[in-house]
Every structure is written in C-alpha cells, then in structure tokens.
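As written, the chain order gives the labels A, B and C, with residue 1 at the start of each chain.
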Amino acid sequence: MSDRLATGTSSLVGEVGRRPSRTLRSLLLSIAAVGAALALVPLWVGDSGVLMGVAVLGLAFACYTIGFNVIFGSTGQLFLSVGALAGIGGYGGAILADTVGLPVVVSIVLATLASGLTGGLLSFVAVRRSLGIIFTGIITLIFSLTFEALLLGLGNLTGGENGFFIESGANSFLRERIPPYYVMLALVLGFLLVHGLLRRSHVGWAWRALRDDEVTAELAGVDVARYRVYGALIGATMLGLAGATYAFTEGRVSPTTYGFAKVDVVVIVMLAFGGIGTLFGPILGAVTFTIVDEVLIGFGQLRLLVFGALILLLFLFLPQGVIPTVRNFIAKRWVSQAAASPD
Amino acid sequence: MIANVLDGIVLGLQFGLLAAGLTLVYGLGGVLNFAYGQMAVISAMVVVFAIDAGVPALPAVALGLVAGGLLGLLLDQTILRPVYRLQGEARVLLSLLLTLGVAFIVDGFLNWRYPLKALSLFIGGGPVEILGVPMRRGSLVASAITLVTFAALFAFFRFSTLGRAVRSVIEDEEGARLVGIDPARMMRLILIVSGVLAALVAVTRSMVVPVDVQAGFSITVFALIVTVVGGLGSVAGALLAGLILGIVNVIAADLIGTFMSLVILLGAAAVTILIRPSGLLGVKE
Amino acid sequence: MLEVSGLSAGYEGNDVVKDIAFHIDPGEAVMIIGSNGAGKTTLFRSVIGLIAPSSGEVRFQGEDITGVPAQRVVRRGISFVPAERHLFPRMTVLENLSLGAYPKRPDLETMTLVMDLFPRLDERRKQTAGTMSGGEQQMLAVGRALMSNPSLIVLDEPTTGLAPKLAAEAYEALGVLRKRGLTVLVAEQQVPLAMAFTDRGYVLENGRIRTEGTSAKLAADPDVRRAYLGIA
C-alpha cells in the first residue's frame, strides 16, 4: 500500500538516463562483431531457399525493431504503426516501380522518404496535441488500421487482399537466394551505426534527458517536441527503407506482409525481450524470436498460444528485457565482489 | 435514408455496448483490457456448448453471462495482480501487454481446437416494420436488449449506493477511500460487470451475424475506438459515440463501399481524438 | 483516544517524519503546527492509512490501527479532510455528502446538522462540486467528513486559500461540533486561528516534534512566536 509516484514507463524500460559507455572504437568493433557473426549464417542454411527466406525476414524484423527502438526506446513515443510505416515503403516502392515505372533504386528512395515524412507527421501531430503515450498509441493504431483498410479498399492500385507480384527488379541480384541476406545485413549494420552514433551525439543526450524527465529537460533548454519529431523521422525512415528493400527481395507485397498483427506485435515483443532503449536489444530479440518462430512452425495455431504465453512470461518476469537484466546482474556481482575484497 | 439511420442505430447500439465494459474498466482502474474480445468469444463458446449439450436457449444464454462474469473475476484475481502494483501510464502499458498475451493464448487455443465453432442465435419470425422499413427480428431483439442494459447501467450508477460508490472511485480514488470505499473491491465488481457485458455483446451480436472464434480482436479494436471517442470512463459517452459512429459507418458504406467506410469510421475516430482527446463525454484532465 | 508512538513514515524508502509521538484525549482539540515541508501532511496520511508507516504504532480507542488501509480506518469513527479535499467533482453537493455516510445511507439528522452549519451548501444542493468556489469546496469537504458521525475529525490545513471571514466561519462550525462532543485534530499554517481554537499543540519541525504544550503556553513561547507568528 505505497504512495509511490510512478514515472511513465520507467518500470518497463531499463535504460532511462543511461549514458552509452562505449568509445567510438568499441561501438564500431561491437557492430562489426555482430555483423561478422550474422554474416556466417548463410554458411549453415544457404542451401535451403526456405530457410534463407526466413533469415532474410529475420533481418528485416531486426531493421523494423531498430526503427521502433529509435522511436519508442529513445523518445518514448508509442508508435503502433511499425508495419504501416514499413508498408508505405514496401507498397510505395512497388507501386512506384511497377505502376509508375520509376527505376528500382529511385522507387526505394522515394518510398523511404514518404515513410519517414509520414512518421514525422504522426509525431508532429501527437506532440502538437500533447497526446500522452497511450493516445499516441491509439492514434498510431488507428493509422495502421486505416492503412490496412486502404490497402484492401483500393484494390486497383494495391491488389487488394492478395497484393501483387513485383515485376521490377525480377532479374536482379535482389531476388536470388543469398545476396538479399547481405543487403539486409548491410541495412541492419547501417541502422545500428546510425543509432549508435546518434546516442553519442547531442541528439542522444537530448533524447535521454526527455526520457528521464520531460519537465526538467524543457527547463534545461531541450526542445522536447522537436527532438521527439527527429526521433520519429529517423525511425520511420529506417522502417520505410527496410520495408521497401524487403519488398524487392521478396518480389511481392500483400496486406499481411505489413499487417499490425504480423509486424507491430512481434516487433514490440522482440524489443521488449532484448531491452527497450538498448543498442543491441533489437538484434537479440529479432534473432531469438525468428528462431523461436521457426521451431514452432510445426505447431500450427498453437504458435499463437505459445507466443502469447511468451509475452506473459516476458512482461511478468523480465520487464526490462534481457540485456539490462544481465547488465544489472553483472553490476551487482561486481559491486559485491569489490565490497568483499579488502582494500 | 431512414433505413440507413435505423441500421446505423442498430449497429451503433452494438458499438456502444462493446465499449461500455471496456470504458468502465479503464475509467475505474486505469487498466486497458486487450483480452476483452476474447472474453466475449469464450462466453459465446460456453453458450454454444450448452446448446449442443441440449440446454434450452435461454438458460444457455444465462450460462454464457455467468461465464463472462467469472472471466472478469478471474482476470482481476490473476493477470491484473501485478498490474495493480503500478500507477498511471506504467499500469496502462503493462495491462495492455499482459492482456494481449492472454488474448493470444485464448485465440491460439480456440483456433487450434475449435476452429469452426460459431454462435448464432436465430430469432424466428419474419421481418418487422419500423417506420416503413422492414427490420430483421434479430436486430430488433438485439437492440432492445442493449437498450435495456444501458438503462439498467444508468439506473445503477445514478440511483444505487453501490453505483455511486463506483462513480466516486472514477472521480477521485483517494476521496473514495476517505469515505470508506475500497477501490480494489469496486474494481473487482466492475470487472465482473464488464465480463457480463462482454458476454452480452457476443449474445446480441450473434442474433445479427454469427460470432466465430476469430472475432476476438476485431471486437476489442472496435470497442477501443468507440471507448476512446466516447471518453474513457463514461458509459453515456460509449453509447453516444457508438450511435454516432454506427450511423456514420452505415451511411458511408452505402455511399462509398465497405472498406472505405471503415476508413471513414477510423478517420472520424481519429479526428475526434485529435480535437478532443478526452472524448465526447470524458473528463478533461 | 488516539495514541501515536515511534511513528516514522515517508515515500520511496525515505522517512519524512521520524519517531513521532503524540496523543489526543476525547473531547480535546489539538493542533500540529509547522512550516511547509515539516511533514504535517505525511504524518496525517500515515496515521489515517493512506500511506503505510515504516515503523511505530497508532492506536485508536485502544485498538491498533497501524498500517490499516484508509478505507477501513475511516469506518471506525475517524474522518480525514485532506488539504486537497479530494471531492467528487462531477457529483452534486448532495451526492458528495451522501457518500460521506458510506456504506450506510445518509442519515437525515446528520444531513440537517451539516446544512445548518454550512447554509451555503444547502443553497447549492444540486450544484456539482467541481464548479464551486474554494471556500464552498472546503465546507463541502468538512461536511462530507461529518456525515459518518465520526468521533475524531482530522483536518489538514483547512483554511488554506480561504478568505479570513470564511476561515473564521469554518472554525466556528468546528466549535459548534466540539460542544457536541467531537474531538478535533488540525494541522495549520495559519497558526493564530488554530491557537485560539485548540487546547493543546505540537510543533513539527523537519519531521520531528520539537515542542509541545497547551496552546496558551505555545502562544507565549518566544521561539514559536518568532517562527510562526512573525513576532520578533
């Protein structure tokens, strides 16, 4: 029966106010290490078209999760439009290439910009109307549902329920078995680098300040609104780029590819598992759940049940995610050892 | 045109009923129940199994309502325990995530085990004419039940001591404690009530269209949208928002087509939230 | 009637008040005075059960009520009027008062008494609490607290923000109730008013009781005069 004042999502986020402790060199080294490890994956599963497809999708989700991490983890905006923003990239790129006839690269760039601007706009509106975290979530959820409804309703443009096959780039290296993996891996590493550098910059400092205590941040001179919109712009751009690139590697787009249930829910769990606000949390989450999902494939509908059970367990026992929990554990051990040793 | 308005009212009443349970739980306890649709579906399944076992329709429905209430109680006593230890935004978020997990578990189980089950309460007899428009009997009975339910809710909150006690917790939790009201007990009561309302949603809806095991999430999402537009914590708001959105939906569907009418509905909801985040009849913070 | 010993309480592990001891006998009027931040509100909240004390004991009419949640404590005959009042803003004056008697239905005699004490409330029976002025809200808060026929009423800074005339009226009403046997515990920053009204007092400073004594003795105490009455 306590009278505690709660501070927003602090009890769920373990990274509030934590300065990244790495030097630039260690940042680059750790990203390179992750890249090297992931680069080896095709050595194991390169023979199977199906498994490579799963791996590419896994990397796409890693990209999505990094983007969501930038928006939610760094600036505290609950954007339930991850799938929709990626879908603007995917469908946008596909339509621009096939229907409008633009070159693939140009299509991807334009679609990415559209997605980024949409994300920025959503954030701008939310910030202007001072919508709290829940209402931002609701508005972005409505946006996602509207996007899905538009996909289904504007059948002539979007292929409706079935989507459509993308003809542009059909003969390019993007459709082969192995190269798409490295393309997506490049995106993942690039996103990690961008996020890592941002965290070390004044932007990252502003983000940490406004996550910690909005009022104090404003008093310290941080334009909270502006930095929130920056975060959304950058995160949404990542989502759009990943969505567009993935579409061209898959060769088709359909409403389920970017649906709320298929993307947003999974991304939230991946990030929560890895650790909201951590740099590598998204990678850990994406890898873990891609593997888990593959393992569960034989279970049919029970996959949903297991997924739900995992969500429950995760938020009941590991609300901060794996990386912060491990970090705290190590820190405590270190402190107690230092205290135990006579100096 | 009149036909559209009447259809809109029928749909609107359903929307309102959908939102009533959800808005009460949020207004009282700051908890977002994302498993609300699944509670409705489970109640529907209880009715289906009862009818299959030979129980006559009315007692079967009663069983379904009891099941709904029990589900609400179960939620309060189990999943929401850790949620109650938090306050404010953290509480809403955790409740959302945990109930989402429960929703997936229920959906996964039902879809795996009973993928084809559906509840359909057929109300016999031909169409009835209202204002010159033939209306299906099922729609009319469903609407009548909904209206009676809302009347009962209003009477409860306005005139009974217990109802006033519940309202007081929504108004000011600490003030309520200071007059001897236990917010936790009120929350438990309201969760049971919301469970019964969820069951009613399933039962009345099944008089219009069959309620199958996949209906869970769409029920929850619609309930959430109507709740937010109506104002979190306001039953009257839920009814008003439901009616408005129902009529808008039907007219839009008639003029434009089903998918785009959904877009209009979502757009209307978004516009309302942006202009007046506290909802039509909600409390301004 | 009320005995507090060794009480410490605070927020998030930090004790705001430490090792508090005081008592109130039936029929008395006792004041707790202290400047802002001294811990008066924390003290009251831990006694009434809105927060749990970290240590110590609270006994009311012989029974141990330490750490008992507020909703149960107020049913034993103690009423609390907090500084922020915590009225029900969209409910009417009548509804607010009726709820004061929860779980019982409001008793006509008590309602009449409250309306006589605060005629302004009688005039505004159907007005919603949120639309009333500060003074009227304060009266409503006190009225609501009285509806349960408490033996002890605890008030936290009841005159804050009230015009002097209204503040005097509030204490007049309490005076009437005292004659009927109500025991009063009040925390005040407006010290002169409290001094005139109460029999005894305690001075709370930085979370501890510094001085205690009869109100007359405290009124004459030079340190008290300097700190709280602005007299050099």
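Just so we're on the same page, a residue touches a chain if its C-beta (ideal position, glycine included) is under 8 Å from a C-beta of that chain, and two chains touch if they have at least 3 such contacts.
Since the structure is predicted, the reported quantities are computational estimates derived from the model, not experimental observations.
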Comparing the two chain pairs, does A-B have more C-beta contacts than B-C, or is it the other way round?
A-B
Which chain lies at the heart of the structure, taking centres as C-alpha averages?
B
Which whole number of Å gives the spacing of the CA centres of subunit A and subunit C?
53
Inter-chain centre distance, subunit B versus subunit C - centres from mean C-alpha coordinates, in Å
42
Calculate how many whole Å lie between the centre of subunit A and the centre of subunit B, each centre taken as the average of the chain's C-alpha atoms.
32
Residues of subunit C that contact two or more other chains, please.
50, 69
Send over the residues of subunit A in touch with two or more other chains.
4-5
Partner subunit B, residues of subunit C touching it in the complex:
48, 50, 69-72, 74-75, 79-80, 82, 85-91, 95, 98-103, 105, 144-145, 148
Please output the residues of subunit A touching subunit B within their complex, sorted ascending.
4-12, 78, 125, 129, 131-135, 138-139, 141-143, 145-146, 149-150, 152-153, 261, 265, 268, 272, 300-312, 315-316, 319
Considering only the defined contacts, which subunit B positions touch subunit A in the complex?
32, 79, 82, 86-94, 97-98, 100-109, 111-112, 115, 217, 221, 224-225, 228, 257-260, 262-263, 266-267, 269-270, 273-274, 277
Residue set of subunit B touching subunit C in the complex reads 161, 164-165, 167-168, 171-172, 174-183, 283
